[in-house]
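Next, two complexes with chain A in common: one pairs it with chain B, the other with chain C.
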Partner chain A sequence: MGIDATAGVIRAEVSKTLRIYFAYPVIVVFWALFPMLWVVPFVFQGRALVGSASSAAFEQLTGSGNYLAFVLIGAMVSNFVFSGIWGVGNSLREETYWGTMEYIIVSPTNLLVVLVGKTLAEALVTTGIVVLQAVIISVLPFGISFTVAKVLPVLLLVGLLMVGFYGFTIAFAGFTLLIKEVHGWTHTLEWVFFLFSPIRYPVQVNPVTQLVSRLIPLTWALVAIRGIILLNRNEVSLGRTVLILLAMDAALLVGGWLVFRWLERKTRRDGTVAMH
Partner chain B sequence: MTEPGSTLEPAGREDAAALECRDVVKTFKRGRRLRRKTMKAVDGASFSIRKGELFGLLGPNGAGKTTLVRCIATLLIPDAGSIRILGRDVFKDSLWCRQRIGLLTSGERTLYWKLSARANLNFFAALYGLSGKERDKRIDYLVELLGLKEVENERLERYSSGMKQKVSVARAILHDPDLILLDEPSLGLDPQFARFIRQFIREELNQRLGKTILITTHYMDEADELCNRIAFISRGKIVDVKSPAAYKRDIPHTEVLEIRVQGQPDTRPVETLPGVERASAEFKDGVTTVKLVLPRAETALADAIELLRTGSKILGVDVKQPTLEDVFLYVTGTSLGADTTEKPDEAGGRPGADGH
Partner chain C sequence: MADSGAWNQVRHYARAVWAENIKEWKLELTYPADFARSLIDPVVYLLPYLLYGVALVGGRTSANLERLVGTSDIVSFVTLGYVFIGFMNMALWAMGFSLRKEQMYGTLESVFAAPVPRWVFTMGMSMHSILHQFLMIASQIIFITLLFSIRINPLGLLPSLAAVGVMLLSLYGIGMIMASTTLIFKQGWLISEALGSILMVLTPIAYPLAVLPLLMQKAALAVPTTYGILAARHFLLGEAMPFTVGDAFLRLAVLSVVWVVAGLVIFAVIDRWTRRSGTLSHY
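Our next item is the complex of A and B:
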């Protein structure tokens, strides 16, 4: 299959996924509002514990006392990660439920190309949602402002984060072909990320979480993004973070592809590839 | 006896068989570690199909038909044997072979219900490298041909089962494949749609377009009506390959005694009556249907009725000329209505055995 045909498959997959996604318009409202509502209890909890919108102890750990902004940025960036796990990781499971998986496999298109289309569709939807969130956050008094000088490096970091992360979700998609269960594993992964990356709290509070967090690209991206938005420290850490994320992306993409290919072949050998 | 296999053809030869299966074996492991069992779903299946032939795989549920079709379609990787399409190995040249295969399975849940027929066909067309005007022209032709023009932009969730199956047919032939695999194509359809599908397969796909077709079915009438040749498959083995007429001609007896009895009596004494060559008993909806294949039905009629009416009520007696179903019973010793799926344990049945 040539480049044109491959691009055609990706376009068709994106179009199909978005059409099905928007066949349930309420879900868009859910994904746009829920992550915001999810933050509110942490804000109230922080205020109850600290007594104000800023904390000296928090500032010692992160460089900024604005824990509210810290949590909001964590919520927005992690949105990409979690929707990726749900969207891409779950996508092949959805195809098995719809009964369409067999027809994708028997086509002359590599399943990985279809997954790239699914990933792109997911990234488009999530980007739309996060942009909407960013607009809401920037007009509300949370102490976060988005300028072009800040947005461009943040976009670069988010892009690099997602490339590697989608490598991981492609492996996870292969894993779902094997295990035939997604919800439990997705929730488990979510909590692993919550625990070992600085989404809700600075991982420096515990030496184990601090150590493990270094293996997760989300940690590097979040630290750099917060540095840019909250501390105006883009020049210092951006280059190093970009290099680290590039290395992690390469490992995750290659690893994800190999794991997926192995699991897809294994399930075809076991006769369970299209089962749900 | 299985049809003699030809020698393996080199890739791309014009005179290569449309499909050639040689000694295909597929086993499944099921159950927990200590209780793990191995089941042979396909056991050394060999047959070949000529270009333009309408070939049937006839066997009861669990015989291995669907597993074999899934191996041919590259959905499953066999443990042993080779499968060649137009001389090329389906696993070594899988993308080339997939481009030449069209697949249709039973069941209406094989399409995107939230999309229209056209949107579904657009998506699958892209998977086969069709785009732009070529794709639109092909889809226009197919929706017209299958009578979907009026509803092509409606979501499939509003379609009847038969209409959905028409869209599935359109998808199977969208990329103009050389070999069409039809796995129980009329299963679950109402008689009118089943008739339409059969007619479309024979007249449009096979006779007019000259497509090579492999159809699996456990409906004897369907196989008899459609196929040039039929392979009997039982417990994963290809038992015989012949034309329907040759099967009927070769059967060395002429009559089938069919007795319907209320309840589920012990039919073993009847099955061992003198002269009975093959026998089967099927229990359905509170009625047992006993079939005895023998040279002359009247020789066993009185004794059979006498034995069966002890404790049961005879509902009907019929003497028939052998059908393809009776031939199948004679050749394999298994009724087409039987379920021969192995059930090793609570872990579930055989994958690919007519559904998943």
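Our next item is the complex of A and C:
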């Protein structure tokens, strides 16, 4: 398939996915608002345990005692991770439910190209949702401000995070071809990310979580993003973080592609690709 | 004669509840890896809340928590809160989606044609869910006790289970409402997720009622999980409650009647409506 035809398929897939997404506007509203609501229990927990909006112990671990800002930034950035798992990782399973998986399989298009389209659509919607959340948060008195000098390096880090992570979700989409009903496993994966990356708490509070978290790109991205937004750190370690994320991206993209190809070939050979 | 007829009816319903419960267990144990995962998940889910608390205070005791509720041990406090809130998730998800699951299996019509009322069927589902939830709680408590050691008053176990038992009645009513909404909306996950998220904020799971804004405190008093969790922690940890134990049980009992009646009525109305409109078997 030529480049033009491939681009046409990606464009069509993006358009189709966005149309389905916006056919249910209430779901878009839900994803824009509820991740912020999930942060609220952490705010009340902080108020109950510390008695104020700032924690000295938290500051020792993270450099900032503002635990509310910590969890809010974690909630915003982790949107990319969770939308990737649900939107891209689960996407082929959804096609099976809709009864359209067989059409995609028999079309003269590589399944990976279709997944690239789904990934781009998911990235567009999530970026829109996160921008909306950032605007709301910066207006409210949470101690978080977004200036151009802060936003540009943050965008770079988010971009690098997304590239690698979507590589991982493509592998996960292959996994759904193999074991079909992955709803429970998706939840497990979600909670594993909550435990082993600093989305809701500083992982360095425990040596095991600290060690495991280093293998997850979200950890590196979140630490750097919080450093830029909360501590006004002038990107002392940004270069190092970018290099680490680039290396992880390369490994995850190549690994994700290889795993997907292997699982797709296996399920096709076994004749189980369109099974429920 | 009338008595024996009523007794036979009860036995007939009890058999149906038991059969539904056994069917769910058979289905669940057909996938052992998934079953094992369902026992590990609650621990993975709970740990970030504990570690967040430890990171906030730099240890496992909080002077501020002691000032608010009379206990300083954040690990026991937060663990018990999240252990018991699991029953709410059970009502919203396991019971709420029981009918949707039957629809996916293609057995909803057969279940609805069976000679037992629908509430008997959902009770069988909830029996399985409650037993499953107890297994999840056991795995959470064993793991957290091994890792952190929880300090509870063993004499408080029975009264706390009594409070949780009354709370379960209310949750059965909420579960009935959720199950009926799936008959209308089919993909009712959004309602469960939204309601669950709101209840998770209102219920004092990892914090006392006193830290909530006044309006939210008032709203929390209409939620059965508030009384269930506060009473259970009161018996097990000595948490000070803003009401007496008698009041907690009384309010829980009233909420149970309200929620169960509301659940049964709403379910009956929606059931009749979906049958009349011919949308019962729609996807």
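In the analysis below, the second predicted complex is superposed on the first by the 275 of 276 C-alpha atoms of A that agree within 3 Å, B and C clash if a C-alpha of one lies under 4 Å from a C-alpha of the other, contacts with A are read in each partner's own complex, and residues count from 1 in each chain.
FYI, a contact is a pair of C-beta atoms (placed from the backbone, for glycine too) under 8 Å apart; a residue touches a chain by one contact, two chains touch by 3 or more.
Everything quoted here is computed from the prediction, not taken from an experiment.
Engineer: So if we stack both complexes on chain A, do chain B and chain C clash, or do they fit?
Structural biologist: Taken together on chain A, chain C would fit alongside chain B, as the superposition shows.
Engineer: Applying the touch criterion given at the start, work out whether A:Ala23 contacts chain B, chain C, both or neither, answering first, second, both or neither.
Structural biologist: In the superposition, A:Ala23 touches chain B alone.
Engineer: So in the superposed three-chain picture, is A:Glu102 touching just chain B, just chain C, both, or none of them (first/second/both/neither)?
Structural biologist: The answer is first: A:Glu102 touches chain B but not chain C.
Engineer: If we overlay the two complexes on their shared chain A, which of chain B and chain C does A:Thr272 touch? Say first, second, both or neither.
Structural biologist: First partner only.
Engineer: When the two structures are overlaid on chain A, which partner does A:Gln60 contact: first (chain B), second (chain C), both, or neither?
Structural biologist: second
Engineer: Report for A:Thr209: first if it touches chain B alone, second if chain C alone, otherwise both or neither.
Structural biologist: Second partner only, chain C.
Engineer: Once both structures are overlaid, what angle do chain B and chain C make about chain A, taking C-alpha centres and a multiple of 10 degrees?
Structural biologist: 80
Engineer: Name the contact category of A:Asp4: first (chain B only), second (chain C only), both, or neither.
Structural biologist: After superposition on chain A, A:Asp4 lies in contact with chain B alone.
Engineer: So, A:Leu37: does it touch chain B (first), chain C (second), both, or neither?
Structural biologist: So A:Leu37 only meets chain C here.
Engineer: Considering only the touch criterion stated at the top, classify A:Glu13 as touching first (chain B), second (chain C), both, or neither.
Structural biologist: first
Engineer: After superposing the two complexes on chain A, what is the shortest C-alpha distance between chain B and chain C, in Å?
Structural biologist: Between chain B and chain C, the shortest C-alpha distance works out to 10 Å.
Engineer: Looking at chain A, which of its residues have contacts with both chain B and chain C?
Structural biologist: After superposing on chain A, no chain A residue contacts both chain B and chain C.
Engineer: Considering only the defined contacts, which chain B positions touch chain A in the complex?
Structural biologist: 26, 28-29, 41, 67, 70, 73-77, 95-96, 98-99, 101, 103, 105, 107, 109-115, 119, 122-129, 131, 155, 171, 351-352, 356
Engineer: Considering the complex alone, what residue numbers of chain C touch chain A?
Structural biologist: Those in contact with chain A are residues 34, 37-38, 40-41, 44-45, 47-49, 51-59, 62, 64-65, 67-68, 74, 78, 190, 193-194, 197-198, 200-201, 205-208, 211-212.
Engineer: Provide the residue numbers of chain A that touch chain B in the complex, in ascending order.
Structural biologist: Chain A residues touching chain B: 1-2, 4-5, 8-9, 11-13, 15-16, 19-20, 23, 98-100, 102-110, 114, 265, 268-276.
Engineer: Looking at the complex, which residues from chain A come into contact with chain C?
Structural biologist: The touching residues are 26-27, 30, 34, 37-38, 40-42, 44-51, 55-58, 60-61, 67, 184-185, 187-188, 191-192, 194-195, 199-203, 205-206, 209.
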